[in-house]
């Protein structure tokens, strides 16, 4: 049965979702969902080990060989993202019951769990598949589920945010659909490995050029790369905290993965960067995103929104790494995907703890929080240090690689800009520190920490970021191997 | 014989097409909702019936013809009811038929 | 000849699309969108995609129009008129369209049998599937077997949509329900519409029968789980339009409905898992029986049933959620 | 000229897509946006189905007397895409209903105005 391991991460949550919708009793569904989350994580971790030891895994659906049927093709890059997504999901699910009890209406927990599991199914399904059209199908599963997850918030503005996300997300998905159609039209296949070979034969056609353009724009919308990030801040700020933590940590990362997969595996770095000069488009967008979004983050009055803008900036860092097109740059991008997911996950979980007690995520309500919720505040500051890129945190590692990458290429202005942007990050993290530690708490406030069931997952994520700040073999090492793999054509 | 059937079917098809066109024109030109419904009725019943019968002649004595007969039966049964339901809904929501001015005064 | 028909239909489509853009009456635009889908279905038929045409007609012109109208009855029927065309949007659209047109110049021509699409993969489905799967309708073979995993994903999409709609619209329902039952059971039910009721009594069984036919005939002709599911749902929707939502809810209680929604997806995934236990890969129906094609038949029957059940119940429950919501 | 005859189907599909796309971006009404979205998606389906057509081919259902079939694969993909489309539309409409209930309007500019005023 172990040869069927690859389907576990997809099929298990997909089956658990309808079961959740049937069971209805919160006492049953939360353990079920959490259990499924951890099982999926275990399966993904096992897959990663297998890939590291013995190379890519191919699993054919219904045993039809690749271009005829659909296959899973798991290499280092997929496996890395699979572990990331399922790991975050598992941790967030530990945290979820408490947080959901306070932020969601009681009678909809079973639907919420089902939607959460489907979102997980979708994200993992996108990552694991080796078929271009299948990506679209699972993209829609995860997107529809996330629209629903965002909109269940008590804040009615979440509805507007979800609607906006739905419109922009669907436009993005439809662009991807057009691009896949154009590629299929020119090659006659949908399988990624097959496409990679056949696209080379027709890569000088205008149709393939347009396929590339539409694909990039469609995915950029999903990634929320700078000028196309309009859906992100509202969606993150108004969604329930645990949803924000999950989606912020995983959804854009998976879209980034799709981007890497299509650009590097199918079109090839040579076509994208040398023939088209695609990095000349990515680089300015990434830099603009880093600077503008960091600057906007400083002026936010809401902690969630502040972090949301910071996410836009961090996506800029990742894309910057990708746009370098070198092994170091790509390593930095991949490592930052991983580290940022952990840090943002932890930060949003911390915000969730704060919201649980204060019923607000506005900065002005957080006066003296350092005294009222010392542990959570400390956790937030630690996460914030990671965002800035202080040594000994995971954020430092990826920033370090980014700097190395720019130095390698001799992009001095970019190096300077990176350092400036770190200062901007200091400024927006300082906003919280100032309010929480240097303002007196309101008179009637009592000290009241979040429950242990929420603290533990939060500290689990934080501990991982600290661990990966010291132990770089796993993140940066794997990222480097994956980067070499991608630039070598990634067959 | 075949030729006669062939021409007959084309005659029926053209008739049907003409009636449909008239119905469409009526929907555009007639003054108010209820009279337009009347025009739409032509397309619905007589127009499509002619077209369907014409097609039946074309397809000869086959399964397709049987399917066409069924379509015709369903059309004849449903479209008047649909028209009725729409008209009634309009009446209920307070839409008055347009009447000629002199009757209006009386 | 085909070019003439095709071009005429395309011209109609263009006219309808422009009319949709210019109109501000949302009621009319929704209906026109239905017309658009119906025209599109005609074109699909001309282009040999009968299964797709069937689905487009049932989904695009049927269910989605119903959902649009249900939404409009809860919101507003008129769009705020816009003074001038939105130049920015027009530029974006023109740019995107221009880029796509630029991309068409290297495309294989319409109907060209030498196009890559017809050279790779495609011929395999056409040449081998009838004997390998044993089903004359190649679309069904590809849908259910070669790309059965995609279809599983699609069933999951529908299921997700149902969860999303229920999450959005279901809550507070319990409180409302009693009050609505007392207030206006008749008004919406069209109980006075005698003719409609009599006729619907005659037609609903026929619609359901047709749904079953489409469900089980999908191997041999156009049709299958999706189309059947939508037709089934249409029958139930007709019933609840004529007899009122509450009566329909009595016949299909929400619990049963939601159970079936989940059951359909479980049946599909379960069939996939069953083949695991028969020493096959996931969704490898060939493993389900001694003889490969026999196994395929069993598998396709089961998963089409799963799809049909999920689609029918999801559409129904969406309709119930939409129309169960009253304007406050 | 041969280009025009061979490609007009694609061009009209693209025109229709852009009409839909324009409606999505330009319209201020949330329902109208979804209508635009559904036209946009439906037109993409036309692109796929067009590429599956073979000259003198017939529907890909085995039958006596036919040996040229159109490609069934695009049909399958679009069947999936149609279902995805209706799913998206349904979720969008459900959101619109909730927005109307909470904010009393589904016009984008009024919603933005509400956000600014209180």
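Labels for the chains are A, B, C and D, by order of writing; each one numbers its residues from 1.
The criterion applied here is as follows: a residue touches a chain if its C-beta (ideal position, glycine included) is under 8 Å from a C-beta of that chain, and two chains touch if they have at least 3 such contacts.
In this text, all values refer to a predicted model and were calculated from it rather than measured experimentally.
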If you tally C-beta pairs in contact for every chain pair, which pair wins? Let me know.
C-D
Can you compute the centre-to-centre distance for chain A and chain B, using the mean CA position of each chain? Integer Å is fine.
57
Averaging C-alpha coordinates per chain, one finds the centres of chain B and chain D separated by a number of Å equal to 30
How many angstrom between the C-alpha centroids of chain D and chain C?
13
Where in chain A do residues touch at least two different other chains?
133, 137, 140, 144, 147-148, 151, 178, 184-185, 190
Quick check: what residues of chain D touch more than one other chain, meaning two or more?
17, 21, 51, 73-74, 77, 80, 84, 87-88, 91, 95-96, 98
Going by the contact rule already set, what residues in chain C reach two or more other chains?
100, 104-105, 107-108, 115, 117-118, 121-122, 125, 147, 150, 153-154, 157, 160-161, 164, 168
So which chains end up touching which?
A-C, A-D, B-C, C-D
The residues of chain D that touch chain C in their complex are 2-3, 5-12, 14-23, 25-29, 31-32, 34-36, 38-39, 42, 45-46, 49-55, 57-63, 68-80, 82-91, 93-98, 100-101, 105-107, 109
In the complex formed with chain C, which residues of chain A make contact?
1, 4, 7, 11, 14-15, 17-19, 21-22, 59-64, 67-70, 105, 107-108, 111-112, 114-115, 118, 121-122, 125, 131, 133-134, 137-138, 140-141, 144-145, 147-148, 151-152, 178, 182, 184-190, 198, 202, 205-211, 213-214
Residue numbers on chain A that touch chain D, as the complex places them:
133, 136-137, 140, 144, 147-148, 151, 156-157, 159-160, 162-163, 166-167, 170-171, 174, 177-178, 181, 184-185, 190
Chain C residues touching chain A - in the complex, by the definition given at the top:
99-100, 102-108, 115-122, 124-125, 145-150, 152-154, 156-157, 159-161, 163-164, 166-168, 170-171, 174, 258-259, 261-263, 265-266, 269-270, 272-273, 275-276, 280-286
Provide the residue numbers of chain C that touch chain B in the complex, in ascending order.
190, 193, 195-196, 199, 202-203
